[in-house]
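Following are the structures in question.
After this come two complexes, each holding chain A, first together with chain B and then together with chain C.
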Partner chain A sequence: MWAYFKWEFKQFFTNKKNIAVYVILLFLGLYFVLKVAPSYEPIEKVDVAEMEARFTTRDDFIKSVEGKDNIHPSVAFALAVFPQWNEYDRARIDAINEKDYLKYAEATAGWYLYSDQLTVNGDSFFYNPLYYTYGNNYAHADGHYGYGYTASRFTGYVEGSSELSMDLFEERTALQTLQRMLNDYLPIVLFISCILLSVDIVLKDRRNPSLLKGFPISDWKKLLMKGLVAFVGSILSFVPLYVVLIAIGLQNGFGDFSLPVPFYSYIEQNFTNMTMSTFLLKNILFIGVWFLFLIAIILFLSIIVKAEFANLFVSFIIIAAEWFYFERVMGAYSDIERYPTSYVQVGQVISGYRNFVYQSPDLTYQHGLTIIGCCTLFLVILTLIVSKFKRFKLIA
Partner chain B sequence: MRSMLKTLFIIERTDKKNIFACLIVALSIIGMVVYANATELGNPIKEKSIESLPAKVAMNKFQIVDASEYGDGSDIYKNIVKQYYTYPKQGMALKTEQPELFIETAIELTELRKQAFEMDDYDLVAVNLPSKIENEMDSYYYQYLKENDLVLSFGSLSFYPFLAFLFSIVGSVWFVLICIYASNIMIDDFRHTSLIKGYPIAFTKYVLAKCMTSMGIVFIFIIELIVCSLPLIYFKGLGQASYPVAVFNGEVTIYPIYKYIAVSIVYMICLAVFAILLSVILNVLLRNVYLTLFVQIILVVIPILFPSLIKLLPFNPFNYVNFPSVLNGDTLNLETPVALNSNAGLVYLCISIVLLMAVIKWFLSTGKLQKI
Partner chain C sequence: MLELKKIRVQFGDKQVLKDISIKFQPGEIIGLVAPNGTGKSTLMNVIMNYLSPNQGQVILNHELQYSSKANEVKIHQGVSMMPDQSDLYNHVSGKNHLKIYQAMWNSNPKLIEDTIVQLGMESYVKKKTGTYSLGMRQRLCFAMQIVSDTQVMLMDEVMNGLDPTHVELISQILLQKKAEGKTIIIASHLLENLEQYADRIFFMKTGELKLVDELVPGFTDNKVTTVRVSNFSQEHLEVFKKQFSGLHVQTLPSGKTLIDVSKQDTETLGSITQYLIAQQLTDFSFGKLTLNDLYSMEYQQK
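Right, the complex of A and B next:
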């Protein structure tokens, strides 16, 4: 069995298509480092000009109406809330000028919490204008999420012992970039490369049947070994990621594993922090389980349908399915947490963002692992049973 | 020669790689058509709304003061407030379908931006506003629309504008795609040398035939690009083929869409020939697919990594590999701004192709390939 593993392994890594997949991943990574990462403009930037403008505007306003009688209620409201707000802004501006990053983090966390409290239920203030994009009916909620996320993040910086920097505040360091990408399209890219890597793992044997007929090993064991090789190969698609991480780290610093990653709890409607290492480990585990799921699908289809195109089609449908039925807040009235396809955005599930967009408390990491794991197990057992039938022999 | 071409064509026709590549190209283009149709790509109301957000962010960088003509705000602040308030006007003009008002406000906006470049403290808001070249292209575009009384399209992208958009997207990765496709063009022949020895034809001619069949597949890709976008005619209509596109070739000019598409196709053909010849030569030298690809990608990446090289070597054909960005004048926004001429780029590419051909011919005739 071990010898068969080695044989498959060697074939896997000398397969032109597979090496092309790794090369393309590396190229995408280089493109990301050169073009995408430097042009990242976070909404919650460290922008001194903006803070100063806000501060002076409010300060002038307070000075001009202070002490006057018979003021409009909204002016009175402004007079009640602006001084505290300005205090935070003052502290932020001073901290930046003194390069006292800890003080900046503290004041910023306070500022975001305070702004969010005033904005979320009132109609006097708005979040950062960049949240209010065209056709986004949930801009206010997005702003609430963004402010809460930032406040939680900065609280984490104050409590933690990481070395603070501007790049850290704008989430530009290597590990934070990885975290952002895991919340974005990186899992999809990895899943697609897993599919492309393993799509022909069974069917390639049909090209030279006479060679392989002589192997003294049962079909079921062959399938198991093939699955294992595909899994190892898919895990190795992380390698180009390391190159990207190192390249970004050399530019913007690496960050460290104790950095806070905010986690949104739908039930309590608030943010708590987990460490970067927890977040990454959870992601790796979840992505690993997804790899196994996709490989199990491909193995099963390979012995049933025996067409590469069917493998590609079905597994791409699995990945894209959420896109077809996705609608915001649909979790409130449907059971999306029961479909494995709802968990395809791995990073977003782990950070709680999916709970937020679906408005459903059940779309959790544990739940996802259980569902995907069960599906995988079911498929593997099904494959085992089917492979015992003569009709579905690997090599006809 | 003809029989050689015929043989190669039969081989290539049944090659799984080609079928797969054609399928993937077709699928991705249909995907883009669906995407363009579903997201109302090019819907001007949406675009203007997206454009107005950075102006709002820029405005937030200033203390709110009197922005009227004799108010005490700074010049740049007044300018940005004016800029920001042209967007609602434009949105209104679009919703009530008044092309004259729309074009007028658009020209007003480009004028305002032009003034802003000269003002103090412009650096503060530079990241939020379009660059000089983008503004100039906008300015030319709207001036052209005004002078020629063209009918403004208020809907999202129809067929011709979509084609222009598609070519600009595909064009930016075209060279790399062809490199990946052609990277193993000669490798198989080194593996089975006895096969080649049997052909009753000179090796140079064999190489030529091989390149020609590869180019045939490339033409199929280009035709696929056009054919697979046809469904958009059903959804969004044909659009105007003579609608203007602002491009940069040394200076800002206006191309009609059909000219833009034609230039793109010529560029794509030249780049494909260049990529195939480069693959042949690197295959001969390195005898490894991955090394070939690696060297090609390095050659593409170097000018991106070191922009100062572009100014130093404007005739380097790899500067023009991403031709949509050359046509957009993106090289003027680099740290070391340089005005690349897209027409000159074509000439440089052609010269490089001729040089490569000469090198290949020399290689094949001086016995560098005796082993075959």
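Right, the complex of A and C next:
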């Protein structure tokens, strides 16, 4: 069996299509490093000019109405909340000027918490205008999420021991970039790579039938080895990512594995932090299970339908299905947590963002692992049963 | 020992193999002869279980049958079929092809080097097979099967694309494998070559295996049975038939005329010789019926 694994492994890595997939991934990585990453503009950036403008406006307002009688209730409210708000802004500005990043983190965490408390349920204030984009009916909720996320992150910096920097605050370090990518389209890119790498893992044997058909190894073991090779090959699609990480790390710092990554709890409606290492490990595990699921689909279809197009079509449908039914807050009235396709945005499931947009407490990492794992197991068992049929031929 | 029991294969209305029952013994080379499309490859595919017969069993060593997937693996450990040269991986070297066959059958690794030397493949075996000529590819396929070192070896057109030197070389290796106790089943169109080393030769016709000794009693006996005459004109032939009315005379599509003299005495042989010389037909020989003759009689006779 080991000999067969080695043979399949060699074939996998000398397959021109597979080499092309790795090269494309590498080019995508370089494009990200050279074009996408440098143009990243966070909503919650460290902007001293904006802080000073805010501070000055409020300070002028306080000075202009302070001591006056018969003021409008909204002015009274502003007078009650602005001093504290300005205190946070003053502390942030001073900390930046003094390059005291710990103090900045502490003040920023307080500023975001305070701002969120004032904004979330009232209509006097708004979140950062960048949340209010055209057509976004959930801008206010997004602002609430963004402020809570940022507050939790900065609290984590205060409580943690990481070396703080401006790049770290704006999530520009290599590990934070990876974290952002995982919350974005990186899992989809990896899943597409896995599909493209695995799509012909069984059916390619049709090009060399007489050479392979007589191998004294059962079809089931052949399929198992093919699945294992496809899995290892898919895991190795992470390699171009290392190039990205190193390039970004050299420019903006690498960050460290104890950095806080906020996790949103739908039940408690707040954020807690996990470490970067926990977040990354959970992602690797979840992506790994997704790889197994996609490979199991391809193996099963390869022995049933025996057409590469069917492999491509079905597996792409699996990863694209969520786009067809996704609507915000639909988790409140439908069982989207039961569909494996709802867990395709792996990073967002782990960080709780998916709970937030679906408004569902059940779309969790553990639930996702269980569903995807069970689907994989089911497909593997079906493949085993079919491959054990006496009349079954792996290579026709 | 490999036994085929009442193997029947039918494609639609056409019966390709008709209840074939036969046993192949260790240390035996079996020749299968037939034109293309008469069922030789089908028979081999049935032996390998690449094709499930409509009826019948393949039995290895009195016990193993293709009754389950586990048994299929066990049988394939003992029975192999030579790969087709068009199925080689063009981007993989010949040596790596040999290595995978050695590893898959867990045979003696020394066989790789021995076979390379024996077949004179040292100069190119490390190159990618995409650069090989037809003959080099064919030798590699043969070498792969030799390296697998299975008890039963099936070879379909093993001599295709080989020059006479390599045909002879492979023939010698086949005899060596026979001496080691291997059962070798060969489908070949190189009939003279097949005659040299095959213990039993079967013609496939209408889905049945016909042993040549049964088609022509005494075929393998070493005695004069036939006079082979070239350019026997129709006019001379008619006269000859009248003069030697007791003899069986047959003209093949190749133009050769065969005169059966298996039961004739020396006096008759002398008379035939005198007649032929008198008719200026000097291109004739005495000998036995060859496989080529038989093939012509069986498959090419109008």
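Everything that follows uses one rule, which is that the second predicted complex is superposed on the first by the 393 of 396 C-alpha atoms of A that agree within 3 Å, B and C clash if a C-alpha of one lies under 4 Å from a C-alpha of the other, contacts with A are read in each partner's own complex, and residues count from 1 in each chain.
The working rule: contacts are C-beta pairs under 8 Å (C-beta built on N, C-alpha and C of every residue); 3 or more make two chains touch, one makes a residue touch a chain.
Because the structure is predicted, anything quoted here is derived from the model rather than measured.
J.: Fit or clash for chain B plus chain C once both are placed on chain A?
T.: The answer is fit.
J.: Looking at the overlay, does A:Gly135 come into contact with chain B only (first), chain C only (second), both, or neither?
T.: In the superposition, A:Gly135 touches chain B alone.
J.: With the two complexes superposed on chain A, say which partner A:Leu34 touches: chain B (first), chain C (second), both, or neither.
T.: Only chain B is touched by A:Leu34; chain C is not.
J.: After superposition on the shared chain, which partner residues are touched by A:Trp220: those of chain B (first), chain C (second), both, or neither?
T.: second
J.: Counting only touches as set out at the top, which of chain B and chain C does A:Thr57 meet: first, second, both, neither?
T.: first
J.: For the overlay on chain A, what angle lies at chain A between chain B and chain C, C-alpha centres, nearest 10°?
T.: It is 80 degrees after superposition, to the nearest 10.
J.: One more residue to check, A:Ile304. First (chain B), second (chain C), both or neither?
T.: Neither partner.
J.: Could you look at A:Asp47 and tell me whether it touches chain B, chain C, both or neither (first, second, both, neither)?
T.: Only chain B is touched by A:Asp47; chain C is not.
J.: Quick one: is A:Leu211 in contact with chain B, with chain C, with both, or with neither? Answer first, second, both or neither.
T.: second
J.: Go through the superposed model and pick first if A:Arg391 touches only chain B, second if only chain C, both, or neither.
T.: After superposition on chain A, A:Arg391 lies in contact with chain C alone.
J.: How many Å separate the nearest C-alpha atoms of chain B and chain C in the overlaid structures?
T.: Minimum over all C-alpha pairs of chain B and chain C: 5 Å.
J.: Both chain B and chain C touch chain A; at which residues?
T.: None.
J.: Spell out the residues on chain B that touch chain A in their complex, using ranges where they run on.
T.: Touch list, chain B to chain A: 45-46, 49-50, 53, 56-57, 60-64, 124, 127, 176, 180, 184, 289-290, 293-294, 297, 301, 304-305.
J.: Which residues of chain C touch chain A in their complex?
T.: Within the complex, chain C touches chain A at residues 48, 50, 52, 66-70, 72-74, 76-77, 79-84, 87-89, 91-92, 96-97, 100, 103-106, 144.
J.: Residue numbers of chain A touching chain C in their complex, please.
T.: 3-4, 6-7, 10-11, 14, 207-220, 387-393
J.: Which of the residues in chain A end up touching chain B in this complex?
T.: Residue list for chain A touching chain B: 16, 19-20, 23-24, 27, 30, 34-35, 41, 47, 49-50, 52-54, 56-57, 60, 128-130, 132-135.
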